Amino acid sequence: MRYKLLTAALAATAALQFAGQAAATDLEVTHWWTSGGEAAAVAELAKAFDATGNHWVDGAIAGSGGTARPIMISRITGGDPMGATQFNHGRQAEELVQAGLMRDLTDVATKGKWTDVVRPKSLLDGCTIDGKIYCVPVNIHSWQWLWLSNEAFEKAGVPLPKDWNEFVAAAPALEKAGIIPLAVGGQAWQSSGAFDVLLAAVGGTDTFLKVYKDKDAKFAAGPEVAKVFKAADDARKMAKNTNVQDWNQATNLVITGKAAGQIMGDWAQGEFQVAGKTAGKDYTCLPGLGLNEVIATGGDAFYFPLLKDADKSKAQEVLAETLLDPKTQVAFNLKKGSLPVRGDVDLNAANDCMKKGLAILAKGAVMPWTDQLLSQDTQKQKEDLFAEFFAKPELTVEDAQKRFADLIASAD
Amino acid sequence: MRGRECTALTQPADEMSKSARPNLLFRNLNAKVASIPMILTAMVVFVGGTVWTVLYSFTNSKLLPRLNFVGLDQYYRLWAAPRWLISIENLLIYGAISLVFSLVIGFLLAALLDQKIRFEDTFRTIFLYPFALSFIVTGLVWQWLLNPDFGIQHVVRDLGWTSFSFDPLYNSSIVIYGISIAALWQGTGLIMCLMLAGLRGIDEDIWKAARVDGIPMWKTYLFIVIPMMRPVFITTLVIIASGIVKVYDLVVAQTSGGPGIASEVPAKYVYDYMFFAQNLGQGFAASTMMLLSVVIVIVPWAYLEFGRRK
Amino acid sequence: MSIADITAQASVAAGARQDIAGPYGPKPRRVISRRNVFLYGTLFVMAVYYLLPLYVMIVTSLKGMPEIRLGNIFSPPLEITFEPWVKAWSTACTGLNCDGLSRGFWNSVRITVPSVLLSIAIASVNGYALANWRFKGADTFFIILIVGAFIPYQVMIYPIVIILREIGLYGSLSGLVIVHSIFGMPILTLLFRNYFASMPEELFRAARVDGAGFWGIFLRIMLPMSLPIFVVAIILQVTGIWNDFLFGVVYTRPDTYPMTVQLNNIVNSVQGVKEYNVNMAATILTGLVPLIVYFISGKLFVRGIAAGAVKG
Amino acid sequence: MAMTAANDTSVSIQDLSLNFGAVTVLETLNLDVADGEFIVLLGPSGCGKSTLLNCIAGLLDVSEGRIFIKGKNVTWEEPKDRGIGMVFQSYALYPQMTVEKNLSFGLRVAGTPREEIAKRIARAAEILQIEPLLQRKPAALSGGQRQRVAIGRALVRDVDVFLFDEPLSNLDAKLRAELRVEIKLLHRKLQNTMIYVTHDQIEAMTLADRIAVMKGGVIQQLDAPQTIYNRPVNRFVAGFLGSPAMNFVDGRLEDADGGWRFAAEDIKIPLGTYDFAKPPAPGAVTFGIRPEHVSLNSGTGWPFSIAANVEVVEPMGSDTLVWLKLAQQNFSVRVTSERTPKNDEAVTLGFDPMRASLFDTATGTRI
């Protein structure tokens, strides 16, 4: 049968790289890293894992975490688990762990002294449930960045803004030059994320925590947050001409100078890199929108479903170790544009923006992010609200804030 | 007259016949054995799955189903959610458009093709081919055609009409109509086929009689031919209506529910809350509402249509 | 009117025949009549609406990216390139897998063939049992099935995950085949039931007097007469299953993902700019199998639909 | 024919009932068919005659009662095990099989040896003169040929009882007459029991040993054709048989000085020669007489005189039908004489009351 020949051929190609290593265990790894920068980064992980004599079977699911997670969860609960899977560490896999479907990695962690090497420490907290460690954090992703196109501002004849407020002020000039001031993709998580960033940057860390950690609905209805909604209102006005869906299409608008800026996480950096752009020269990044320079310790982590196969379980351990290996960390994070989870690695190759991030991290200006603080359910409701808010000018700031406060009141 | 339906009504006549009479359960045994897949599907999947769904809609199950009852909480939340209300409204609009236009366009095309025209095969193939394409593909193509930056709007503006505006997928107030454009493109071909088959089944003499009586063609269609095509319309309605309730891929491929939440539909709400939001209870509550409306509309009709004894 | 009147009129008509102006012989046919202009005009306009997307897909798939960025979507390619097709088929990437749609194609074949066969086998037997061998409760099951046709698939994903897990078929090809058979059952059963019900009842009775049983009648009498409806069923199922995305992605694993999932992956794996030409080529490639099935069997399809849907 | 004892009945139906839900199709029906007898079930559509035949064949399951064929209780047997052959109105030939395969299908299903099948087909083909058609498909046959094949299919089964379900209804008049004769000859040759359903009274009259006239799921009368024709047990049977139908005149039965007479308006008919089925009593009755039993202007030999005006004259070829009004009711007379009356001509009617039938107007039963 032709299909068999084909798979055989594929397997052979794959095997060429690691010729001579027998008894390789195949481990299927699912993730949703499919954009250019992401795919290049995940290739580093696969290369490192394959070098240990095992074989990384790539199970990429395109779309976004929203598309991929249901499939991963179905497979784990359906009794056909993969070898390892990406989740955003935090509360996404909480129940899977509680249901005993995920593997306890405490032994591996103790052996590898994860508590010592992982930095900041709070990262491991996201992986810890009832004192046991269930996941391997691989990077730190922070949402709080404003990416600016130098070219766009040149064209519009306005100086490059230093923070969000200057950026808002520059919007009319940008629009006059036919440039979209702010690119926000149509997918709901992008508008929701942009608001969270504004909450942390315009409102400040305390405001952010009061709303999302303490879930103080009264505060969420108050004047502090109203200020943030005012900023979000500016943002939606600046973004109204964006006709793209995907985040990286929005990033591409900034790369090509069609849009002036984008509020997006540090993963956007990968796209600039793939496009051959240089930080500082072609584009500028403002952590915390230039208002509140902190790094949120969100990020990606790998979880390992409980498997019966002894060989595969062994391979899981190998993968867990590999993921935290300093060399892997450097290679992966350089490509991904994110920050490594251990402080003892050499990142000389990092670019301008990454270095800014590392500096903030070194200062210890960190805060938890929504993935750790809110349930997916609340996140989804939040997404619905802000997707509507950004797309529907008729939804007033006051109504939106009221609905937001209600949402916080029932959040978990 | 279909006779075997009286099997179940038979009763043992007396001792003599009783001895010769096989057990009721084993009568038509082969038919029953052959129907096991259908019975299992109906009972385990459709009925079982539905009961299970309804049961868990009264719980606060999150990522995994748990029997932690919270009464009607999920339903209160559901009917308070703006997104759900928009979804329902969109489904009604989309349903009305699909139903009316599918039937009208499908019937018109079939009537045109039935005029003994030349190239009938060619035209029929042209109208039918989109049905071979998935909603994902359909959605992608139309999303592209309707994109104001390089689709139809862009092309028309390049031709000189710079004020021309046609961006149904990017305009909250008309997005659901924009989605219907693609739905009709994909689905009317099949409806046309069904209608054409129905028209071909009409006795030629009807046309002769109408012509002799001097009845105009449109009146003949409206008052004579269409009433005669009742069975076709029923099959067609089942196909269209089941497609409407299930609409999902098309929306995802074209707008992902956007702009904002302007083009959300109930099936997407169910999916999103069950899997993205990891709130099974909420997803099941929405499912239950969908199932309930389907049952309320369909069961009495299906019973009349398929269950009556002739 | 008396016979005499009619005769009189006839003779008048006969007289008129000699007039030069009077109608005589075959009625003249004008090719460009108002009716024809309307008829073909409408058909032509509709055909443009239906063909436009296909045209755009093909034209775009043959252009290079620079041309797409500059030109308008309706203009024919200045320079025809097949590179997007090659890329879509064999080198487009999802994550680390850069083998395009080719892998998904064979998976789709492996999913579609058994699913189509099994679902049609089950549904045809159902339809036959319902039309000819009604037993107590059969109607109830059928009504449940019809209602089942209206249940959105999303609602049933979770219960089916559980059912498949319990019978140990989750993630396997057989599991997916069963899922397709289940969801194909309502409409197919309806079609087969209508078809068999429209066959002469006496034929079935004659076969029973001849001593043929449930399977004998089905296999030897009914099946040989059912080609049209089988064609319809095959077309519907091939399209439905080949185009399925949801079940393919939820109930299988990456190494058996069907072509539509690969298509979604390619289209949604945006690497910087969307490569519209590759997306369009991939789209056409994915739709090719059902399209070919349609083009080959178009005529039989209408005939079969007539047999399965018209009588009820 | 006298009622036969149970041991030489071919088909015996006892207390048979059939309900579809709340609808009763057959009601406590009894019927004994003698060995070799030709029974015709006659009635209007919806009377239950085909249903009864299907119950005998085992194609319908009965609600109550029993069916014996050749002394064996077959109430719950499969059709194939009942020893019956059946011929259908639509022929029900399997379209995808040749004539030969059609004939042999039942035998092949039963696993009959090949030589035996060949022998039986040869015999049936010879009897029915369809040898040249054996390799054709049904679509290539004419209606008459198809029906022959359908009969052949019953023939090869070598059974005791033949069931015919309106076998000639789909044929044109000429073919119908031809095949009718052939079926009669076939019956004489085979001497099988035949149960034949039809709504055509000519078929019933010509073929049957006995006719069972049915209405509303009940056998109204079971008798030899002549008896049914001449002494119908009720008004329904009287009206159903005969073409044109029997004339009916509503009126009263009167006791006139020791003799009974029928009176309607100014018409008075003494019933001296009438053979009462039960003791007469005064009351509302319907008088019936067949058109061919009435003569026109036949002199004064009758103890009564009825005058009427001709309304319409219908020449039928061999004879002529004359329509007039009697006591404001349509009345027809069949005239065979050379001289036929003209429209509006005044005529007198005469007949022998012995030929008439009297029915209770309320119940319809024969008096």
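Just so it is clear, A, B, C and D label the chains in written order, and each chain counts residues from 1 on its own.
Assume a residue touches a chain if its C-beta (ideal position, glycine included) is under 8 Å from a C-beta of that chain, and two chains touch if they have at least 3 such contacts.
Computed from a prediction, not measured in an experiment: that's the story for all the values here.
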Any chain in contact with chain A as well as chain B: C
Chain whose Cα mean lies nearest the overall Cα mean: B
Taking each chain's C-alpha mean as its centre, the one farthest from chain B: D
Pair of chains joined by more contacts [C-beta pairs], A-C or B-C: B-C
Chain B and chain C: spacing of chain centres that average the CA atoms, whole Å: 15
Inter-centroid spacing, chain C versus chain A (mean Cα positions, whole Å): 41
Computed distance of Cα centres, chain D from chain C, in Å: 52
Numbers and ranges of chain A residues touching at least 2 other chains: 70, 74, 77
Shared-contact residues (touching 2 or more other chains) in chain B: 4-5, 7, 271, 274
Multi-chain contact sites of chain D, meaning residues that touch two or more partners: 54, 59
Interface residues, chain B side, partner chain A - complex: 62-64, 77, 81-83, 147-149, 167, 170, 172, 255-262, 271-279, 282
Contact footprint of chain D on chain C as seen in their complex: 200, 202-203, 205-212, 216, 220-221, 224-225
Residues of chain C defined as touching chain A within the complex: 93-97, 99, 102-103, 106-107, 109-110, 157, 161-162, 164-165, 168, 170-172, 249-251, 253-255, 264-274
Sites on chain A touched by chain C in the complex: 2-3, 6, 10, 28, 30-31, 33-36, 39, 42-43, 46, 56-63, 67, 70-71, 74-75, 77-80, 82, 246, 248-249, 252, 255, 271, 274-275
Chain C-facing residues of chain B, complex: 2, 4-5, 7-8, 27-28, 30-32, 34-35, 37-39, 41-50, 52-53, 65, 108-109, 112-113, 115, 117, 121, 123-138, 140-142, 144-145, 150-151, 154-155, 158, 185, 189, 193-194, 196-198, 200-201, 229-232, 234-236, 238-239, 241-242, 245-246, 248-249, 266-268, 270-271, 274, 280, 287, 290-291, 294-295, 298-299, 302-303, 306-307
